[in-house]
Amino acid sequence: MIVAIAIVRAKDLFAAAMLFAIYSLLSAALFAVLDAGDVALTEAAVGAGISTILVLAVLAMARRQERPKKGHNLLALAVVVVTGAALIYATLDMPEFGAPDNPPQVHVGPYYVEQSYPDMGVPNMVAAVLASYRSIDTLGEGFVILVAGLAVYALLATPPRRRKKRRDHGQEESS
Amino acid sequence: MSMLPQLAPFTVVLIPFVGAALIALAGAHRGLREGLSWVSSILFFLAVMGLLGAFLAGETISQSVWEIMPGLTIAFRLEPVGMLFAAMSSTLWVLATPYAIGYMNAKGYANLGRFFACYAIALGAAAGIALADNLFTLFVFYEILSVSTYPLVAHTGDGKAKQGARTYLALLLATSIGLMLPAMIWVWTATGTLDFADGGILAGQVSPTAGAVLLVLFMYGTGKAALMPFHRWLPAAMVAPTPVSALLHAVAVVKAGVFVVLKIALYVFGLDYLRELVTSDVMLYIAAFTMLAASLVAIRQDNLKARLAYSTVSQLAYIVVGALLAVQLAAIGGGMHMLMHGFGKITLFFCAGAIYVASGKTQISELDGLGRRMPLTFAAFFIGALCVIGLPPTGGIWSKWHLVAGAHDAGHTMIMAAFMLSTLLNIGYLLPPVVRAFLKPLPEGEKSGFAEAPWMCVIPLLLTALGTLVLFFMAQSAFDLLGGLFGLATNPGSVANP
Amino acid sequence: MIDNDILRIVARFLIPLIMLFGLYIQFHGEYSPGGGFQAGVVFAAGWILFALIYGLDAALRVVPERAMYILMVAGVMLYCAVGVAGVMLGGHFLDFYPLLPGEHAAQQFGIITVEFGIGVTVATVVMLFFTLFARRKSQWEAAEVEDDQP
Amino acid sequence: MTITELMPFSVLVPLIASLVCALLPGRFWPWAVTLAAAIASAIIAALTLPAAAQTTLSYAFGNWPPPIGIEYRVDAANAFVALLVAGMAAITLPWAKKSVDKEVPERQGTFYALFLLALAGLLGITLSGDAFNIFVFLEISSLATYGLIAYGSDRRALLASFRYLIMGTVGATFLLIGIGFLYVMTGTLNLHDLSERLPEVRDTSTVRAALAFIIVGMGLKLAMLPLHLWLPNAYTYAPSFVTVFLAGTATKVALYVMLRFVFTVFAPDWSFVVLPLSTVLMILGVAGMFAGSWVAMFQPNIKRMLAYSSVAQVGYMVLGVSLVSVVGLTAAFLHLFNHALMKAALFMAVGTVIYQVGSARIEQFRGLGRTMPWTLTAFALAGLSIIGVPLTAGFISKWYLIQAALDQGQWVLVALILITSLMAIIYIWRVIEAAWFKQREPDQQAVGEAPLTLLIPTWVLVALNFYFGIDTRLTVGGATAAAEALLSGGLLP
Amino acid sequence: MMTALSFFNYWVVVILMMIGFYCVIARGNMVKKIMGLNLFQTSVFILFISAGKIVGGSTPILREGVEVYSNPLPHVLILTAIVVGIATTAVGLALAVRINEAYGSIEDDYIAEEEDGDGQ
């Protein structure tokens, strides 16, 4: 959490990126504590790995320093506070953390725990749910990453043509 | 007339539309375009006459074309007022066609394909309004009429024309969408039907208060009836070429307006129900006020077309008053005035256009002595003026006679007085041009190289002038046409809800 | 960085290990944490390390850009093919039971194939990301130079 | 194969076709494959609608019975929306060929693959009966859309795409939060299962907050008034074809998701009581109608003008929803359908002008009425539909909307609807006036009529606008069935 | 005591969410915005995972001697959501690269100023 604040405050984007990686590792650890091994592994690989590399690649091209902003954005603060208040309000009636009789633990969830091995002989329930019970979601996930690949490819595969083109555009628009 | 083939109403309405499409395709090809204009106007005239013949023979003709939504249909039915309106507009279209061709060519306007196509569409829309069997169908064609006449008003495309056309369209659409549409939907929600019915559909379905509000919505929603303060579009529309002013703004568009008022009064409210409404008197006095105020404004106009436009506003109010008096005789008078004024006013506009074509003059103060150069035109103007004023030997006297008699029947002495006063004012603004033209000498130094306008322009105006004279003698048949069914419809005791 | 001996030697040991680990979590996913997605990321990470040390051009010789593009589509296609096969064999879309006679065998076959498809796609997409982002800088600078000359 | 087994393929066909498309080179084949897939998808959706109107169809993926697995659950409401989305794609694609060739000369395989994925994503959202699955497909379509918008030739397209990405992702995350709360409270993600399990726990702050988050999240994607900021730029700078498609479909699907949650999952007799939803939606709807129409009147760029008009039209739909009656919802669904038709036709006409002239600024429309009569006539006719002139589709939806307002005695609303219609006249009329009553400036290039491949699809859409203004059996029937399907869960009339 | 602890866990998530969300709205730098978006999403992930946790349970992989497993469903959802997150991040960053090339900056305010200069 402190790391998160530091990210927001950091003017040096490079430092922010590094802090971001640390934050990802921390949340990965938190996931591991919460029994989510698969998620922890993924978060570590993605958050600390890929995201950071990509951010650094962008920063290599753009200004490293964030330009200081004039004043504080009160509207943004208000929106965030309202959202936060709504979230806090929502938690008031949430079931107790970690209790075994919470709704998720009594409905649907137990089926996976109990039936996935008899159904398919796979001990990792996460894999069973991921690839079989909810496999259309995972197919969707595959498509999401494919879309990202296609979109980034569309955006960056053509070598850039600088400035000149831009000036032409300016004139075209202003005419 | 019984020899004419009798077509279904929808087919009749479609004739001008098909004609318009062909004219638009003919586009710049002058001979083809004009030929098509002739053909479609004459075919349309014959078709309407065929319907009229069948109608007079006592046939009930109705046709349901298509159901758009449950209970909401495009349907047509012949009834007296509509028949009268259709017959009048189809006759006048035939007469206006040569006039328009002559006028537009003489003045060298461009884009005539668009012009004649829109002209034909407007007539088709007018016929659709005339024959509509329910409010919805009527509304559809009403809107087609508004939109299709916009290019005609803005025809020259210069700043003034666009300004005028914008006012024209804005007022007509604003009133129809803003007031008439919600009124219509209200009627639908309240009664579950929009079909016109003898004796009205609202009686017993809507509280008198709601009915009162509805009446105001409908009266003002019919912007084409030019009730003050929504009359400004009519003078604004005078930027259009004269054939447009003549046929559309003396006949098709404005008559569509008052026709809608009559129709709504007769078949939506029903005269008996109408009398019960508090706002009916209010609207009546507003109409009477419009009648007088527009006359007063007309007197002050020097531009001939503007004067005629305000005169139209005033005359339309006669018909609205006729409808709102809510008695049989006045309603008949209103229907007849629609016809008489149509012939009279188109004559006047034809003359104004002819004067402009021949001499280039538009102001009344410039007309001095022109009567000697253009005797036929001014003779026709004189007859047309008599008809609008309501003096014999023209048909105008009969309609005014019935209106006044109706006001007497209804016990509205004030309205009778208003009719009288307005008639005096009519004389005041319509006769001076004639007097100037015939009795004053030509001003000094006036070049004398012009005579009558081209024959294509003169013959139609002579014919319409003749028409007003003929109507003086034929008024009884118009009265019978209207009265026959009115009598049935408005007999006390026969008002029943279907 | 190619000149740095220590790095090279470490990398020579490390990269195969990382890739092996990637394959392990790919195919051992049913028993321990891991699966197609994580495997893909780890495998790609190995390749990225290679690219960082030996240079992007060398890395692209190993896996060309066009191959990445095709493979990323092919991975998802494999997934869809499994799904369609289920329909062809009379089941629902993504129904694994009809694929093979034994129930468990069918499910395991389905899961492994599907995870493999995901793994391929993820690995190649991540590699593609890296290629595109990393190359962009040099391309951009080249364009800038070109632009300054005329 | 029964219709139930066929139904999911309206999503799967474009999904799989996108893979083929991504690999195809050249300019013809990607387009042809896309067209074929869209048509197939539309046919399947068309077959589904009558069946779904009879009885709710359910297709379980992997044959795992819901809520264990994921199902596609289709009733009249989503079948109606699916038909709209797939149909729009099939109708607009023939137009796309020329326009895309000009605006996106390179890498068309990728372009069309992204397009198909956007389409499949939207259809997936529509048909899915699983909350999380909706989120996943929402992201597929959103990401594809960001990519498509960025194809725009103006550099501002990039900026528009980025801002849309930020707002869209925030919206999707809000949806995810909402879904998370629901899951915590019920333990299920299946919409139908949720609707059965929610009554037990729905008087909790968590569920209330979940509703709020879902509405705000979808409001963002829907471009409901204060959350509409992304839309004008995105529509303005995206390639013409993308704008045509998005205008016809994307916001509609977001509206559908919102309705699905508000009406089916939460049951309207609860969701409209616990939050002042009716009032809030009504105010936002009216504000959207006004602000959108008002700003539209002053836009020099016609694409942007139409985009603001879309904000206004979304306002009409939200207003219809806020009335919480069968007629109101019918009006919303009708307008959803009809607006897609008219806005797509308008954007196609403008896109055709861009194809010929290269710009959508209003000065460039001068005198085009004479040189491009067919294109501009199409624009004018579609414009009549948006104004709501009788015999057009737009009239039908306004009719129902006014009727719904009248049913509840909301006189002010009737007046407001009519006033904004008048504003629509003004902004459409600006274009018509420029096209027919202004002369082309001497320094402006002379242009001729557009090629038939662009004109014919535009006119097909214009004709549909009139067809559905005259024959309303399909639209009114479908919309009524959809509204009734949504309201059947509740106790409202 | 249990209650306080449980709320604490949720509230940490909420505060993280707020920080991330603030970063998205208020920060002008596009890379920062994307990082904020990631923070925001990650906190939502924690919320989901918390929902699946059973105190005393363990990672949902079948083993000898373990009786209570945490719920695997949230884990699956979050795996998918993480993928969605990285996909969004990648596309956003690619856009930022292109914007940087087109405008010479990735500061939203600065670009907004330039846009006004374009006279749109």
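Note that the chains are named A, B, C, D and E in the order they appear, and that numbering of residues resets to 1 at the start of each chain.
In the analysis below, contacts are C-beta pairs under 8 Å (C-beta built on N, C-alpha and C of every residue); 3 or more make two chains touch, one makes a residue touch a chain.
Source: prediction; values computed, not measured.
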Intersection of the contact lists for chain A and chain B: D
Identifier of the chain whose CA centre is least distant from the whole-structure CA centre: D
Which two chains share the largest set of C-beta contact pairs: A-E
Label of the chain whose CA centroid is most distant from the centroid of chain D: B
Centroid comparison with chain E (C-alpha atoms), farthest chain: B
Interchain centroid distance [CA atoms averaged], chain B/chain E, Å: 70
Separation of chain B from chain C, taking each centre as the mean of its C-alpha atoms, in whole Å: 79
Between chain E and chain A, distance of the C-alpha-averaged centres to the nearest whole Å: 4
Centre distance in Å when chain A and chain C are each reduced to the mean of their C-alpha atoms: 20
Junction residues of chain D - those touching two or more other chains: 15, 19, 22, 61-62, 132, 136, 139, 143, 146-147, 150, 155, 177, 183-184, 189
Multi-chain contact residues (two or more partners), chain B: none
Touching two or more other chains - residues of chain A: 37-38, 42, 46, 50, 54, 57-58, 61, 87, 91, 94, 102, 104-105, 108-109, 112, 123-124, 126, 128, 130, 132, 134-138, 140-141, 143-148, 151-153, 155-157, 160, 162, 166, 173
Pairwise chain contacts under the document criterion: A-C, A-D, A-E, B-D, C-D, C-E, D-E
Interfacial residue positions of chain E with respect to chain C in the complex: 59, 61, 79, 83, 90, 93-94, 97, 101
Partner chain C, residues of chain A touching it in the complex: 37-38, 40-42, 45-46, 49-50, 53-54, 57-58, 60-61, 119-124, 126-128, 130-132, 135-136, 138-139, 141-143, 145-146, 148-149, 152-153, 156-157, 159-164
Chain C contact footprint on chain D (complex, rising order): 5, 8, 12, 15-16, 19, 22-23, 59-63
Residues of chain C defined as touching chain A within the complex: 25, 29-38, 41-42, 44-45, 48, 69, 72-73, 75-76, 79-80, 83, 93-94, 96, 103-104, 107-108, 110-111, 114-115, 117-118, 121-122, 124-126, 128-130, 132-134, 136-137, 139-140, 143-144, 147
In the complex, chain A residues that touch chain D: 86-87, 89-95, 102-109, 111-112, 132-137, 140-141, 143-144, 146-148, 150-151, 153-155, 157-158, 166, 169, 172-173
